[in-house]
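Paired with chain B in one complex and with chain C in the other, chain A is shared by the two complexes that follow.
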Partner chain A sequence: MKPLLEVSHLSTDFHTSAGKVRVVENVSFTLAAGQTLGIVGESGSGKSVTSLSVMRLLPKKRAVVQGSIKLHGTELSTLKDKELRKVRGNKIAMIFQEPMTALNPVFKIGNQLQEAIIQHTGKRGKQARELAIQLLKDVGISAAQQMMLSYPHQLSGGMRQRVMIAMAMSCDPEVLIADEPTTALDVTIQAQILDLMKELQRKRGTAIVLITHDLGVVAEMCDKVAVMYAGQIVEEADVKTLFQSPKHPYTKGLLQSHPQLSDDQQRLFSIAGQVPTPAHYGDGCRFASRCSSRMDICDKIPPAVTSFGDSQHSRCHLYGGEAHVSAHTGS
Partner chain B sequence: MSAPILEVKNLQKHYPYKKGLFQKPGLTKALDGVSLTIERGETVAIVGESGSGKTTLGKTLLRLIEPTGGEVHFKGRDITELSAEQMRKLKADMQIVFQDPYGSLDPKWTIGRTLEEPLRTHRSHLSGAALKQEVNAMLERVGLQPHHGERYPHELSGGQRQRIGIARALILQPELVVLDEPVSALDVSIQSQILNLMQDLQTEMGLTYLFISHDLSVVRFISNRVAVMYLGKVVEIGETKEVFNNPLHPYTEALISAIPVPNPNLKRERIVLAGDIPSPRNQPSGCAFHTRCPKAMAQCKTLQPDLKEIGSKHYAACHLF
Partner chain C sequence: MLRYTLRRLLVMIPSLLGIVVVTFILTRVLPGDPALMITGEQALPEFVEQVRKEYGFDQPLIVQFGSYMKQLVQGDFGYAWHTGHAVLDDLATRFPATVELTLASMAIALLVALPIGVLAASRKDSMLDHTARVLSLIGSSVPIFWLGLLMISLFYASLGWLPAPIGRISGGIHPPTHTTGLYVVDSLLSWDMTALKNSIAHLIMPALCLSMGTMAVVMRMIRTSMLDVTEQDYMRTARAKGLSERKIVFKHGLVNAFIPALTMIGLQFGSLLGGAVITETIFAWPGVGNYVTESILAADYAPIQAMTLISAVLYGLINLAVELIYGVLDPRVRYE
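Coming up: the complex of A and B.
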């Protein structure tokens, strides 16, 4: 399958008072039409910064993004702002965790939705209004007319997220980046929103990048998964392989930490310690200090990526790696 | 069996609200007749969606919110009738841990001072050195080191802050601890550390937990019994394993089926509830759940179901039974 979105060697640096800090390092992934890629990780793993970097939504003065982002083979990272605006929203749309902060509190839902439509589709007036109502109906809001006249604060969290999805879908994007879209919602509402996203994907063939910390959501939604830790992708696999035979100790740890619904457990597995800050990444593997399979080499040399078949890749010394290209080896 | 540590009878918390200038005020029924018994040493979980009243219940039990009706018997004594002074003394035995430890720790106090404060109030006979010793012992008990006592909340990670929240609640060696979403703000790997810690402390210190959470997998792990709340009422209560394996109330069934399971090979039939939880201001008539219930019958609209024992120690409030 020809990839729709191709991100390669993406790195993001932040300028801070303590100097330049690399928050995302050498992240690469591809996504085909109709596919869902999950990016999982804990707070501070760089999953949100990755998505903001792809969308080029980070402030230019504070953040330096390197690497290549291609949509249909067109390089996005070198586009001028004006050209980029045609892509962003039109071809790639994004929804966020807290729809309340993404919606403007002083404008009615209808106005905000029509604004997006007018900006991107060239439809005006009555046409824009009709499309807005249709979009609200598409995301399962039956009282769409009434919804057009509501303000964001009058809606529940689930309704707000539906509105956000309607807005993101207004230009029929090819890629939807969803950053923790259901984290703030109750499980019953989460189930509704996940179903809605799946249905829209089936109807329109949208590719989805789903950023989440919830492995349950990943298992239900995704075709393939990238696990991030401390700014790097440490493991990548199709969803079944990842859950059945995880290779990286961090992935294994994450899966085991999750409380089981079906069994009685006396004790939960836990990963000792916490995610290091960029200043404490060290020379070797960034997970080394928390890893139960740590070896001497792990503290000194960053692990290379080992491939298991076509679809699974893991960044860990346990598997040797194919190419030990590292400045630290001294060779 | 010895007497239960906590017995809640028909607890109510109604908030009046103004409908209009010339109308009689309406009532928001945040808690609408909750009855519950907790035995010494067990963990009872309260689950429900936002707006179900689970946090209000936790706070009302400690009289952080004053109930408008009903009784709370703690070790045989009705605490709703106690004076403020008596209640203050009793607080040494009943403590609470909040979801966001950052919001519940004073940012200008060192961790040490935060932990000393309850001791100063309730154990005023302790000398400075003894205070310090108690604080250090508690820090070690929750998996931190004495030097953490000199830090400020912002210098700690989320997991460490929650350890402090737990230490603060446990330093007076209480008997009952209300845990209000204690791990919801934490990452999975940190969450499991804290859950294990809470379990260890329970065994070591003989604690009784009321564990409030919206996360059913966590509840499945930590609790002995679980009560499901909907719009201020308990709709189902029973032993955790039994409730998860054999949910009676359609709401419980839907809640459990909605949990995403981390297993891509498992294809389950999910019951997707239509709509949101109604506002407690306009409680539906009859069974409050009938507006979203996939199994609603005619009588559900008019008749309120009572909590009935269906299985062994397994209660549900539903007309199906």
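Coming up: the complex of A and C.
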């Protein structure tokens, strides 16, 4: 299948008071139309920065993004701001983690919803209004007319996230990047929002990049999964393979720390330690200090990517060894 | 909102009463014998005594206060003997001058401060930002009397671009037909181009001079709150929608950044309406600031009391207006 979105060798550096820090390193993934890619990882693993880098939404002064981002083969990373604006919100849309703060408190929902429509579709006035009302109905808001005149603070978190989704879907985007869309919501609302996203995807064929730390959400929603750790993708696989035969010790740890009803275990498994900050990544594998399968080589040499068939790739020394490392360090 | 407004107006009454009492006492404590000021130093003692009786200055303070209050509740602000008119008549000619000057200086201040404050924030630490900050420092620290004189010597004396800084309109030109009392507005209404040009030329310097302080403060506030707003999630949402940078900054940013600056603008507005004494003096502007200064120098009680009370009322009303505007700008604020 020809990829719709193709991200290759994406690296993001932040300028900090301590100098340049690489927050995301050499991230590559592809996404076909209608597919859902999950990006999973702990807080601080670089998931959100990856998504913001793809949209080029990081402040230019603070962040430098390298690498290639192609949509339908068109390179986005070299586009001028004006050209990029035609893509944002139109071909690639985004929803965020915090529906409580992602809407502007001083403008009505209708106003904010129509902005993107007016910007990208050329529809104005009554047409734009009707489309906005239709979008609100599509995301399951029955009192759409009334909703148009409401302000964000009058809505619940779930309602706001529905509005955000309506806003993101307003120009029928090819790719929807959802950055932890359900994290801030109640569990029952979470399920509703995920169902809504699935339904919209089925109807419109939107490809979704779903960023989450919740493996349950991944299992339910995704076709492919990329596991991120300390700014790198450490394992990539289709969803079944990942859950059935995870290769990277970090992925294994993540899966074990997910509670299961059938479990007799008393205590939930957790990976000891925390994600290191970019200044403490060290020379070898970034997961080495927390890894239960750690070897001597892990502290010294960064592991290369090993492939298991076409769809599974893992960045770990367990499957490569010395020869493998030297063969792959150039790539 | 109507109930809230009414309640706020009612709450103003006790504080206004307090102001009336304090002003009354303060004017009486001031040195200077009003009877002597009226008659002149050389007057015969019998005549001074007669004037004192006539104006009631010989009565005990409490009696004087009683008759002052009686006048006040009837809407009579008394008589300004140093001009020979009723205070209300004096104010009717002088207040529009102050209003015109205030509005003009406020307009200049906001027109400059808002865009520059926003741009300075969106290009933080750029040359423009540094320049704006230095300008705002200068604006808030430069003495008005010095700036005023400098402007006069440059634009009137040296370059001759502007007319002599005396009053609101040149002597040879008829003021426009009276409608609002604001010369610029009136001359526009009556389409009197000569008066319009001339009154604008007279207004520019004092308005610029007076705008400096407000401009500096508002610019700083807008810059700071804009920096704050830039970090907000909804700004990122706006960007993700593909809106233009101008729309993001001036629509999504400025409205939110303007809310905290509003209080400051309201206070500034209120204090300007009370009369800008220094500016009005330098430019011989016939406004209330000048009027009050003259009244104080002449120990003329009635106009001092009247202006203090009116200033207080205006201040209260403007603050109330600011609060109501808050409710309009920020839908989260609702008054019950």
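Rule of thumb we're sticking to: the second predicted complex is superposed on the first by the 320 of 331 C-alpha atoms of A that agree within 3 Å, B and C clash if a C-alpha of one lies under 4 Å from a C-alpha of the other, contacts with A are read in each partner's own complex, and residues count from 1 in each chain.
Following the convention adopted for this analysis, a contact is a pair of C-beta atoms (placed from the backbone, for glycine too) under 8 Å apart; a residue touches a chain by one contact, two chains touch by 3 or more.
Keep in mind it's a predicted model, so treat the numbers as computed, not measured.
Colleague: Looking at the combined model built on chain A, do chain B and chain C fit side by side or clash?
Modeller: When both complexes are placed onto chain A, chain B and chain C end up side by side without any clash.
Colleague: Mind working out whether A:102 is in touch with chain B, chain C, both or neither, as first, second, both or neither?
Modeller: A:102 contacts chain C only, not chain B.
Colleague: In this superposed model, does chain C or chain B come into contact with more residues of chain A?
Modeller: With both complexes superposed on chain A, more residues of chain A are touched by B.
Colleague: Return first, second, both or neither, reflecting whether A:243 touches chain B, chain C, both chains, or no partner chain.
Modeller: Only chain B is touched by A:243; chain C is not.
Colleague: Scan A:90 for contacts with chain B and chain C and give back first, second, both or neither.
Modeller: second
Colleague: Could you say whether A:255 touches chain B, chain C, both of them, or neither, answering first, second, both or neither?
Modeller: So A:255 only meets chain B here.
Colleague: Between chain B (first) and chain C (second), which does A:213 come into contact with in this model arrangement: first, second, both, or neither?
Modeller: It touches chain B, and chain C stays clear.
Colleague: How wide is the angle at chain A between chain B and chain C, using CA centres, rounded to the nearest 10°?
Modeller: 80
Colleague: Based on the superposed arrangement, let me know which partner A:190 touches: chain B (first), chain C (second), both, or neither?
Modeller: So A:190 only meets chain B here.
Colleague: Could you look at A:268 and tell me whether it touches chain B, chain C, both or neither (first, second, both, neither)?
Modeller: In the superposition, A:268 contacts chain B only.
Colleague: So in the superposed three-chain picture, is A:20 touching just chain B, just chain C, both, or none of them (first/second/both/neither)?
Modeller: Touch partners of A:20: none, neither chain B nor chain C.
Colleague: Tell me, in angstrom, the smallest C-alpha to C-alpha distance between chain B and chain C in the overlaid model?
Modeller: Scanning every C-alpha pair, the shortest chain B to chain C distance is 8 Å.
Colleague: Which stretch or stretches of chain A touch chain C in the complex?
Modeller: Touch list, chain A to chain C: 55, 57, 81, 85-90, 93-94, 96, 98, 101-108, 115-116, 119-120, 151, 153, 164, 167.
Colleague: Considering the complex alone, what residue numbers of chain C touch chain A?
Modeller: Touching chain A: residues 232-234, 236-245, 247, 252, 255-256, 259, 329-332 of chain C.
Colleague: Per the contact definition, I'd like the list of chain A residues that touch chain B in the complex.
Modeller: 42-43, 156-159, 186-192, 194-195, 213-220, 239-240, 243-244, 253-255, 257-261, 264-265, 267-272, 274-275
Colleague: For chain B, which residues are in contact with chain A within the complex?
Modeller: 49-50, 157-159, 187-193, 195-196, 199, 214, 216-218, 220-221, 241, 244, 254-256, 258-266, 270, 272-273, 276-277
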